[in-house]
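Paired with chain B in one complex and with chain C in the other, chain A is shared by the two complexes that follow.
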Partner chain A sequence: MLVMGEVRTGLLQNSGEIPESLCQGVLGLLSGERVRISRRPIVYAVSPDQLTGVDCRLASAARARVRGVGTVLSRASVTGGRVLQGSSHIQVARAEADHRLSWSHYLARPGVVEVFGKMRVPDLADGFADSGAWNDCLDLGSVSERFMDAVQASPLLDRKAPFRSARTRLRWVAVAEEPGREGPGIRFTLGRDRVRTLRLVLPDGFTPDVVDFCEDLALHDWLLTTLLVIVERARVGTATRAEVTAKLAPAVDHLLHLWMPAARLDDGFAPLWEALERRPGFSRQWQSLVARVRDQIAINTLALLREAGGW
Partner chain B sequence: MLVFAISDKGGTGRSVTSSNIVYRRALQGSDVCYLDFDFGSPTAGAIFSVSSAARGTIQGGMHGYFEGRIADPHRIDIWAETDREGLRAKPPGAGQMVLFPGDEGGGEFSTVSEEMLRRCVRLFTRLEEEFDLCLVDLSAGRSFAAQMALAATARLPGVPFRWLVFHRWTRQHIIAAHGLVRGRQGLLAAGVEHGHDEETLADHIRFVRTAVLEPDAAELEGLRETQKAWLNECDRELRELARRYGVGRTSMLGKIPLDPVLQWREQLISDEDVLSSQIANAETVAAFDDLAKKIVDDSAWEAL
Partner chain C sequence: MTPAYATFGEVEAERRVASAPLSHVSIELGHLYMEDFQAGPERLREQFRHVAPWAETMRASWRARVPGGRARVSTCFLIDDYFSRFSTPSELVPMVLEAAAECDLTIDYLARESACAEADGVKLARLVEDRLVTDPPPGTDGSRPPVTETGWLCNGARSPYGGAVQVAMGSAQGWEPPAQNAKRRHSIFVDVELWDSDSRGRTWSCPFLAAVWQLLRLGMIRNDGELPVRPTPRGPSFPASWDELPAVVQLNPAAAPFSAYTTMSVLSPRFLPVELAVRTILSQVFVDAAVLRQVADRSGGEGIPLPDELVDRISYIFLGA
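== the complex of A and B ==
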């Protein structure tokens, strides 16, 4: 078993969060089907699945020429009316024929890409995890971003985002547990240029919940990355209190309430999140940043009160 | 915000001035990027002292992106990759500074296809998400890159944009700058063809004078009185000419004094160059700083 995907996460280009009623219009651009919305514990809207036909090279760590034909399964989602994600993945399988079949064959297997010849799982997994943005192999990130771009271009959005932020890229690879070769269940790595890689070893095989998990992790990694930048730019201790507060305000307005790790996930994924909470310790770092933001704002409020002579 | 830097003639110091504006803006805390749209001679890497991209990159730059060979153009984090020691440490509070270099051996385009235009719109939209200021350095004269910029911004009504026209403070340059904006096939005429409103577009264009020698400058102390009088007269004539051609004070965003360092070293001027080695003039840095602020200051861009 080999499943790989890439999730890109960014800020929805609108001045405020969009209400649930707009999600349908914003995400429905992609197809005539309905947008799915769940409301608790946070509003989450997801587009219908999209298929992209591909016939191209797959990245290989050994630089072998591996050709894959099939379809990429993608979707776009908006969390809390504020954070946009584009997510694509494929399941890699060995082709039974030695030539390309008619597209109806591949369309009947959504999200499956068949490779010709011998399929070496570790080679393809390593190749995908390490692939740069500019080789001529299958680039799931670009497919994801295309759907994000379609959402961002919606006339329903005012394009006046409250702050600038870069999109993050989470590239993930899931393989089956092999008897006798015990690997870690989960490995998360921060790379250059906002690339993160996630390696999963799944004892129970692949289910669509794995994609949910990767998207949830990508969302929280983006929140943490973005808040870190905002706090760094605020120059706490150097800039004046008023400047610091002005820089931190967008975080309070738009980000702090979105942190809900594993909120929509199947219970089976709890151990994976727990592993990430131990190391690198997502929530620990988030809580400490949030406390710092709130303390700074509290101190500024006190200073203002004192100036006004009311305290 | 998208800012397009253009000049009618070469040698105006367009690239070196825009690079310094980007650098000052980053120091002021904004996230900035610099896009090298001078496809024929991509040299922005040299100005930022990134030797791997001194004559463009070989890793898929702007040219390759527009040709559709790559999905994302190569990006260079200048703070991390510059060869200049003094620039390598990003000061606290400074923003991102990213260079999107051209391709080594890229060459000018001979046409703008619909596909290239779509790619341009997508690139501008994505960069607008990430950067406060995207400076697009166009080549000198009327180019397909400039056409593409006009066409793309016409399709992006929600994305603010501004144009800077660079010219030297000489008779020929003043007339040429006027022609580039208002002449036949100038920016305004071409903009209208692509769907811009002429008056609105004109409000988004300002001039930047480069290599300006002020008659009261300290460098001119040693001149004879007759020479000074003559210089004053020339300057007065140029001001009159500029006013007649619509390139006068009201449409000017800033001016950069003549500084030997800019002429000979075509690089970023750091505070160190002014303070410790003292090879650059403080006035030059002040002019860059001022321009970097005015570019995003709406009051400097009120309708004329």
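== the complex of A and C ==
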């Protein structure tokens, strides 16, 4: 088993969070298909699945020429009316034929890319995880990005983001646990240029929940990354209290309430999140940042009260 | 390998997809264009005479295949009211029914071609167009949007632009052939016009509407999870205008369901290029996975496995005069 995907995460280009009622218009990328919305514990709206055809090289760590043909399964989602994600993935399977078949063969297997010849899972997994700068190889990130762009281009959005932020990329690879190899586990790596890689070894094989998990992780990694940048830009200790508070305010308005790791995930993924909470300790860092933001605002409030009341 | 059907886990609970009643086979007894109509009722009778034994063969073969011989077979007939308007339902439909009856054929359902473009306010052709996933030429790695020519769909890579012009201007680069993606050494390149437009709007091409027609007969189209077209029982008489005729009329109250696991069409060989175009289109339509699964479960439950690929559920008989 080999599944790989890439999730891109960014701020929805709108001044405020969008209400649930706009989600259908913004994410309705396919006519005749409804956007699906779940409301608890946070509003989450997801577009219908989209397919993109590919016929290209797959990155191989050994630089072998591996050709894959099939379809990429993608979707766009909005969490809390505020954070936009584009997510694409494929399951890699060995082709039974030694030549390309009629396109209807591949369309009958949505989200599967078939490779010709021998399929060496570790080689392709390593290749994809490291393939950032490789040309001519399968580029799931660009596919995800295009669906995000399609959403951002919606006339229903005012394109006035309340603060500047960058998109993050999470590239993930999931393989099945095999006897004599690495046990079930998770490896998360922060790379340069806001690229993160996630390697999963799964005891029970692939289920669609894996994609949910990767998107959830990407969402929280983006929240943390974005909050860090906001706090950094606030220049606490250097700028005046009023300036610091003004810079921190968007975090309070738009981000702090969105932190809900593993909110919608299958219980089977709880151990993976728990592992990430131990190291690197996502929620620990988040809580510490949130406390810092609130303390700064509290101090400023006290200062203002003192000025006004003269205590 | 199991494809990622249920990607939507938690929210899937909100997604309801209506299921269509299904026959084993839907037989298209004919397709009437203005030129056939102008040729008079004898042309129609001749067509039905040709078709009758083949329809019976199909029926018999399904009877042999289904336990207890309880094959569900429905027949349909399509009238073109999209590319040209001729006659009226009240005049034409009885004539068609009479000609069929003379050849011992029962037409269960009658459909209007314009219903394939839009039926009951649902733009079916648009729904299908949105579901096209283009056949990618080698080298398509996802980094750029799929190369498309607006309003056209092909099964490979087109010739590069401007070959002849470049030759005329002394450039070394001459003509280069187009290539079929799934070629076996040599290409059969097909490029299909899906629609054109003028001041009155978009006109869908005959193969595109025929592709929608096949999808309807295979019970594969949904709009917001609902069936967009449900056959309407015939009234005591037929209306005087095509617009008043329902998209699909059920003529025979005892008919098996309109949609079916498979389709069969008896056609004149002059429709061969149209059907090649239809198959080129259908090979690139991404049908709702939930609908495919529904149909596969139902047919599997009856012990009738269906091919995965839609185009393999469609068969034809091309009959010369």
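General observations
By our rule, the second predicted complex is superposed on the first by the 302 of 311 C-alpha atoms of A that agree within 3 Å, B and C clash if a C-alpha of one lies under 4 Å from a C-alpha of the other, contacts with A are read in each partner's own complex, and residues count from 1 in each chain.
We take it that contacts are C-beta pairs under 8 Å (C-beta built on N, C-alpha and C of every residue); 3 or more make two chains touch, one makes a residue touch a chain.
Because the structure is a prediction, the values reported are computed rather than measured.
For the composite obtained by superposing both complexes on chain A, the positions of chain B and chain C are free of clash and fit together.
When both complexes are overlaid on chain A, the residue A:Arg36 reaches chain C alone and has no touch with chain B. Shared-chain residue A:Asp193: touches chain B; no touch with chain C. The superposition places the C-alpha centres of chain B and chain C at an angle of 100 degrees about the C-alpha centre of chain A, rounded in steps of 10. By the touch criterion stated above, A:Glu307 is placed in contact with neither chain B nor chain C.
By the touch criterion defined above, A:Val72 reaches chain C but does not reach chain B. Residue contacts after overlaying the shared chain place A:Arg167 against chain B, while chain C stays out of touching range. Of the two partners chain B and chain C, more residues of chain A are touched by C.
When both complexes are overlaid on chain A, the residue A:Ser142 reaches chain B and chain C alike. Figure legend note: chain B and chain C, brought together by superposition on chain A, show a least Cα distance of 5 Å. The residues of chain A shared by its contacts with chain B and with chain C are 139, 142.
Chain B contributes residues 29, 31, 59-60, 70-72, 74-75, 92-93, 95-96, 122, 125-126, 128-132, 158-159 to its touches with chain A in the complex. Per the touch definition, chain C reaches chain A in the complex via residues 1, 3-12, 14-15, 122-123, 126-127, 130-131, 133-146, 155, 181-182, 184, 222-225, 228, 282-286, 288-289, 292, 308-312.
For chain A in complex with chain C, the residues that touch the partner chain are 30-34, 36-38, 44, 46, 49, 51-57, 67, 69, 71-73, 75, 88-89, 91, 93, 99-105, 107-112, 136-140, 142-143, 146, 206, 208-209, 211-212, 264, 266. Against chain B, in their complex, chain A makes its touches with residues 10-11, 13, 133-134, 139, 141-142, 145, 149, 152-153, 158-161, 164-167, 193, 233, 235, 238-239.
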